[in-house]
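See the structures that follow.
Look at the two complexes coming up: chain A is in both, with chain B in one and chain C in the other.
After this line comes the complex of A and B, so read on.
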């Protein structure tokens, strides 16, 4: 098991180095970093001096090492358009994205799981058919269209809920939250639902598939033969074994929720990292793009690594097979 | 003689079709034929857009700003010339949808084809040659699979846009989007083909080929490939729906196709600005078209997967 973890860690580091190389190339070769920093009337000599001072004449390897060192510290330089350190911009935006993503993940989990269990136990009820067919619609609906439809319905037609921004936020020093004001909570409703729907259908289908698989196994049949009540079989015995893959995959999905938040943020003008990134693409603001790339890659790699390790820890059956 | 031969072949084909399980399942599954008919209708509308569209929305001479922002024809102030209303430029929504479908489907089909080409080739090589080549390809696939396709497409697209200057990327946008979607989707094909190849390559016909000295390329393409293509079509169908959605999302985010060649996603983006002034039809009709398109392709793909999977029969 230790070799497995070590192997996965080396792989994670390699991925981060690859992502680092891509972003470094982007920063270094797209546009001229010097002309992005100085005015038109700067002389060539001064430019050369600045180039030397910034280490742009150093060999590639040293430049990359410096970049990596700064990236680890979270420093990606100044934004071209906003003239503010990227690290500061990102840290202002992270709470908005995380609040939205985590709430959506919880919503998807707490609605999707009971739906999945229900559809697995009551295979032929009309409610199951309704859930299953609407889940197919859920998969076919692009996230941004769900957002637009919700805005049209609850924002434009009924005028019940706000459709853009975070509302009033409370600044806790290192974290700004929308959960402590009424307008902040109301602003969260539509984006959270939008982001949760796709994940919800995914979790429901997964729970259903796993549960059906477990219900076919011998120990469930034996439990029935022993005369245990169906309730105890379903919730005490079957559910437990369903949960391991469900938890791991939901964990993995947290990464893609943060990625999909980008679309939701764009629909609702939610001031998170994703919106910042989309605007950066439009303005060719490379430092922001680079920082977002590295951050998202890091989140994904970290979650994957964690889930892989958890999987082996939680499920003893895997320990012998992945040992080598 | 030639004619008779063709006729025989046609009859032969019909007889084989009648005996075919998949055709039987298709005829007796309403979901399958309804989604197929819907999908084919939408494709036909897209292909023949210049013939069936009431107006040509890109012919500037025919546009009249007096026609701008008209509601659908059944509402007050509607105009019978514009069944689904007009946008801010006076273009008929119905016509822009037909042309938008054309672009969405073009991007969808070409990117899926490209993705399939990359994925199947890498899968064949990976499975047949094995060893270090296999390890490298599959590691890359593993890593890519841990990121959602839409994020990868967005990143490739975003990086390209920053690298290329503004003037070029307007012209190249279409190809950049196709390329980005293609790259984001190859893994599924490669993994499936690889595992099929691994079971095929130890079979006798492959060994026979090796013994009589056929080259690896020939064995892979002529002999193994036809036997591993079945699942590829299923993945391809489901991927088509995903590709169309990814393209629409990129265009909606403003990093896909420009308003000069609007896809359904671009139309939704344009219309989204008018949602609050009550002109819902500019967004909702292209949106509904997109949903119907992706839903019918998904339903058809779902059926195809079940029909081709012998385990479920």
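After this line comes the complex of A and C, so read on.
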């Protein structure tokens, strides 16, 4: 068991190095940051000097080595355009992104699951057909469009909800939350729905498919033969077995919710990490981009590692095969 | 006892209710954020424009970009290279310190420190001598008629405050460990002081009670500035009355603002001229089907291009009639502009074809055009229109439209001027034609810092000479004659293809009145909130 975990940890480190390398190689093609850092009257010689001072003229290997050395220490330098340490920017923005992502994941889970169960049990009801066809919209419409539509409807037409920013936030130590003020909660509604819709439809369809599968198995038939109530069969026996893969997928999806929050964040001017990243792309703000990509990779790797370890802990069959 | 309590709370509530009557909050959004609060570390319009409500220079521009006294009350030349400047008395910084000559000298010296991006402005001055606390004598290396214009954006900081906080030198982007105290803190003499700032998220300002100019129209007591990146989000927030003013608004959204209740588009010509440039220096174009020679060296080809591009079509189809087609490289707001010379080249495709045939390109040729796609108003669409207009006379344009970070990295000096045909926009920071001569019209000369943005190196020795002359000529009539002589040369030789002045495009709530400055600066002094 310990060897297994150690092996996975080493693999994770290798993945992180590879991601760092690829990220860094790609960032060489985002354009020239210099023209965004100086005014139009700044002389060519000074621009060249700045480029040199930032190490942009160094060979790739040296640039990467410097980057990796600092990244391990959690230092990503100063943002080229916002002129604030990137680590400070990220730590300011993480609460906004996590709050939005976790709420969206919960929303997707607590609405998607009942919908999935319902559509599996009542295969032919009109509500099932409605759920299934409208879920197609959720899967196929781009997040950007859903966000804009929600803004037009609830922000511009009905004027019920704020359409940008976080509203008033309350600082709890280093964490800032919008959940403790009325304007903060109102500001969360539209972005949370926008971000949740895709995951919600995904979970619904997943639960439905799993549940249908389980309902076809022998032990359900025996249960019915024994005369158990349908309620007990559906919710006690079938649902439990449905949930194992659903929880796995949902856990893994949390990583992609955090990563793909950037579109939702930019539509709603949500001051999270994704928005920071998108703004950085426009300005070729390399330190922010590099730090964000490495951080996202780290979140993915950490979640995967955790899931792998949990599997071994939870499933005794895996333990015997990987134990040695 | 109970009654007293009730009475007291009634008083408290009345007092609270009374406050908002005089408190006006102004909320606005722009597409990006200021790049730090240090007034010297970046010479960029939006950053300096926003800081212009917090800091001030010796002079300022009014709504029509006319020069006005600010921290200086009067100035005169005592010799061609010395200026006697009287400073305003009774001015206080936000922290309560008095403004005096030492602050001016300190700020000038600070603008020359390593991290400063204001070295060009600071460098115009060779010395400042303090006569007394409110009188100084400024010396320049040569005669410099535009010095007071240049001083509008060289903001004055408090010497004591800067030194006490370790900000005696300008914030430096090269220093990866320390952005500098003044990058996130501010202490100016302007009408608003910064009370909160979260970079990229929001900046809150409050009215400074001790502001010297009690005549400014603004009744705003609190300002909330939010950068909002997506244009659609910006416009929606304005229409739904969450914001009072947003800019820029996409030109195509004007009709939406017209139709919505309580908001209006604010449009006007910007002082920015959009133009096309051609590589006239290399013996063979870098990106073209023509090998062994450079077609743009032939004046007939440049004329053919000029007559093939229909500025009215670009204005009507791409800019929705909001642009101002132009024949000059400077806008009407710029000192040196001559309206008599502002006629664009006539649209005449037949003449264009004839000229191309005469030059030996009857079958046309292919050339790559560099274009930014997120820098100017509808920049990529303008380039597409140019592409199709040129196709009509047989020129095939390969359009390479890229985000500004990629575009500028390629076409500017640090990319080795890697372009054959490009679109660029220019607003002279000094609001004077000399800046255009210096950067765009004179021949490239890195040592003399000339022609740095003359990407195609259009070169006429006389124009370089004129650049030098108008830099120091103090006789306005003589100077104007020189400026016009140069403009005529550029037009006759088709050195550039000016397209238009792009429109300013703001959106505002009906309860807000504001002056829209042609350099796209929002001056909070002019913002008045009605009922």
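Odds and ends about this structure:
Keep this in mind: the second predicted complex is superposed on the first by the 256 of 324 C-alpha atoms of A that agree within 3 Å, B and C clash if a C-alpha of one lies under 4 Å from a C-alpha of the other, contacts with A are read in each partner's own complex, and residues count from 1 in each chain.
What we mean here is this: a residue touches a chain if its C-beta (ideal position, glycine included) is under 8 Å from a C-beta of that chain, and two chains touch if they have at least 3 such contacts.
Just so it is clear, the structure is predicted and the values come from calculations on it, not from any experiment.
Look at A:151: by the touch rule set out above, it reaches both chain B and chain C. In the superposition on chain A, contact is made by A:284 with both chain B and chain C. Which of chain B and chain C touches more residues of chain A is settled by the count: it is C. Within the superposed three-chain model, A:159 lies in touch with chain C and out of touch with chain B [touch as defined at top]. Residues 30, 148, 151-152, 155-156, 266, 278, 281-282, 284 of chain A lie in contact with chain B in one complex and with chain C in the other. Chain A contributes residues 30-48, 50-51, 53-54, 77-85, 89, 92, 148, 151-152, 155-156, 159, 162-165, 266-269, 271, 275-276, 278-279, 281-284 to its touches with chain C in the complex.
Remark: chain A residues 11, 15, 22, 26, 30, 136-137, 139-145, 148-149, 151-152, 155-156, 252, 255-256, 259-260, 262-263, 266, 277-278, 281-282, 284, 286, 289, 293, 296, 300-301, 304 touch chain B in the complex. If you check the complex, the residues on chain B that touch chain A are 139, 143, 146-148, 150-151, 154-155, 158-159, 161-163, 241, 245, 248-249, 252-255, 268, 272, 275-276, 278, 280, 283-284, 287, 290-291, 294-295, 298-299, 302. Listing the residues of chain C that touch chain A in their complex gives 32-33, 35-36, 38, 41-44, 117, 119-121, 171, 173-177, 179-180, 183-184, 198-202, 226-230, 232-233, 236-237, 239-242, 374, 402-410, 412-415, 426, 429, 435, 439, 446, 449, 452-453.
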